């Protein structure tokens, strides 16, 4: 964001445009953001209504025009953003830049590929801007704690997901051997799908073991799934605990500038000076 | 409650009424509360029985009269509460004041709107008074720890729920595109409903993916749901841990600045000085 | 157990019997326990086989006689236990005393009430003796940690279960109003059953919301259930953490005999002496 | 692994072979490992495709030959491994040695027992080698933390699983008595299967209680399952927390005896002395 925020070198008009579109400190910028969010929500609701057959048959053309109005509005907004920033490429490549583009593309794509307009629900991601508008600084802080915990636990979670995938592949294949095609386990991929449904305790019931041996294996998988859910939970809880501690403990040492001291520290752990 | 409890300025009769209705220190007040809870339970059971067709067809009129007797009793109680407190509005706006009102309204509403009387199950909320009657001070303390943990984690939980909602909207729409109407995913809202059913590992099975691509996406959603349940768990566990610690109380040693002393410690466990 | 263990005053024969039946230090006592566990397992398997129609029709009488043999053996064992201890009533009222009695009663009850013999599966509880036989002292220690954590969190869990019950009653009734009898929600108790199935993320799918409003409420209940599972988890984790810490930290102060010092304590927190 | 790694006494040719097959420091060794993993994945995909009827009917013979090619390659690899190490038995008995053997056996077994080739999915386990190839040292470290936590909690988890098994046996038998054969609970083992499905919150819905009493017991089991999932979660979280702490390392201050110092601390944060 810092790269985009350099507005001092812009012309006064672009500067003004930048303030309205990218910032929400001025009344104009604030109104822009609030109206933007309302339009985003309306656009998503339009898409949802359009997917319901009975609504579409009655209000189809109305929803069609509404959709195009929203898309044109978002396109104008996207171009304005590109124009108002000093380095358009930096914005275009940023997370919100990509989301903003993806939010308008589907409608244009739908001109060529029917059904493509439903992808527009990606617009939901734009709603994340709401956090900035409402100046929910505290919420941003909380999000950071969650993100930091997830980031810190990503390697452990990867190992865990990988192990689970290996497990369901082997268990699914075993189940394919035990139950066979006559009980609905028509292939190994389908049996793996069943194993995931069972291990994660989702349990649709569209595929259930019919043989005694199959039910015994299912019982083992269920107990396994019931027990190993504890692993990701344990991982995230520990990292979450660390993330919360670290956030509280932002105390800077005036001597050596180190800043990750614990809440209860009296002396700097790096240089020994009193904090 | 402190605002309601100012009974010193009430007339002797209202004071007496206040003691019986609002307090449970006197024998009369205690009996009042016990009888009240029994009536609340009887009333809820009446409503439940009335909803069973076979019971209603046989004892319908009996249950109807019972319901009106309970409602009249609760109405008298509600008016008595309003009369006995010094500032009726403060009571009327309090949590229990609103619950008490909601507990009698449905029966009267049912005179105009058929079926409205089932809303009376809100009366169940009145049962929360039981904690006060039984003088379960310890339970109140435990509830406070849970409430404090939930309060402390409300922002993180909000961010989490918001993220989950964005996720299921996008995943549900994708599933609508993949499976389509012929496999039961008749609209985006319905597909979002399916995504929630899957992500939360509920898994009714009233709607299941039929195509290979749909099953692959379902597997991803299930593993996602299985992994991200760790997030709210981690949040609440950390806050619960803090809430328990805070309740015990942080005591700092003035000599060595260590602060993780137990509630019952007299001397610092690190340097041996008196705390 | 200490009350039962007073064997010094018993006659030599009863003392011998006591050692064989209640202890597993001597070879005879060890063999007695191992054989006992095998018989318990055989007995449970017999009951299970007897419940399968195809097995029962073929080996019914064999299983019937086996069951009576086991019951007679257990009855002899129970009487021996009563005889060999000094104070039979203390044993009879103890946990294992009651389990031992419940393990033989169903067969006799089945003479009068058909089907009663299936209750004999309570015998499974007798298998808990296995921990004593295998001298799994460490397992007993681990069990104690779990039990202590559950004991410490029982009040919080009670408050939690109570809140959940109030919640499902209100949500179930709401669902009864929304969906109605035509969609399978035939009564409030049945709707409450559905609410529990949904909130606990079990999700059988025997009862699912059909109306749009019902599906919206279901989504709310699912997200609620997905989030509040964090509460018991948080409670037990915190208490488990405390239980583990306390177990490690059994360090006794030689001066004041207090014994709940932390692992990292250097001085007694009660009297200030060095540990 | 240390026993296998003694390559100094091998002949130059065997030494070279050893480096290529067992190590991935040299370019040849690295390429060997990458190609190996690709072949493993191809082999697993072949098996999966072969299990889909429509694919098998069309490409059956192609997949059959591919499978044999892979098996011959793996057999050559296995023999090479045996030859290149100094002590073949140590390798043959190691985890990967057994996995490597199990990965080739099923194809040979399928010559005698039809269907046996599906067991070949055990090859998935070979993919675990990927961690070594990619030099994911950090991932190995993370895996160790998870494994250590699971190892430390294995006794508590055993006690927990044992208790759950006892519980589902008793609850399943009770359900068999309540619901009976006419509602699908045809035997005690089948009712135990249902109890596991319910307690673990999987909830297929292939078997659901039909009687009011059965539904009440089901509600109790669901709430039980919802609450006791907290137990394994609590256990693993606590042990995970310990495992992470131990990995960081406990450092004690020689001056003030405080010991919760961070890994990177140089000075005691309580008294300022050098650690």
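Order as written gives the chain letters A, B, C and D; numbering starts at 1 within each chain.
As a working rule, a contact is a pair of C-beta atoms (placed from the backbone, for glycine too) under 8 Å apart; a residue touches a chain by one contact, two chains touch by 3 or more.
Just so we're clear, the structure is a prediction, and the values are computed from it rather than from any experiment.
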item	value
Pair from A-C, B-D or B-C with over half of its contact pairs in common with C-D	B-C
Shared interface numbering between subunit D and subunit A [over half = same, under half = different]	different
Euclidean distance of C-alpha centroids - subunit B vs subunit D, Å	40
Distance between the centres, which are taken as Cα means, of subunit B and subunit A, whole angstrom	29
In subunit B, residues with contacts to at least two other chains	160, 189, 201-205, 229, 233, 235, 237, 241, 257-258, 260, 270-271
Arrangement of touching chains [line / ring / star / complete / other]	complete
Subunit B to subunit D touching residues, read off their complex	201-205, 233, 237, 256-258, 260, 270-271
Subunit B-facing residues of subunit A, complex	44, 47-48, 51-53, 115, 118-119, 121-122, 124-125, 127-128, 138-139, 142-143, 145-146, 149-150, 157, 160-161, 164, 189-190, 192-193, 196-197, 199-206, 225, 229, 232-233, 235-237, 239-241, 244, 264, 266
Residues of subunit A that touch subunit D when the two form their complex	155-156, 158-160, 166, 169-170, 173-174, 176-177, 181, 186-189, 198, 201-205, 208, 212, 215, 218-219, 222-223, 225-227, 229-231, 233-235, 237-238, 241, 260-262, 264-274
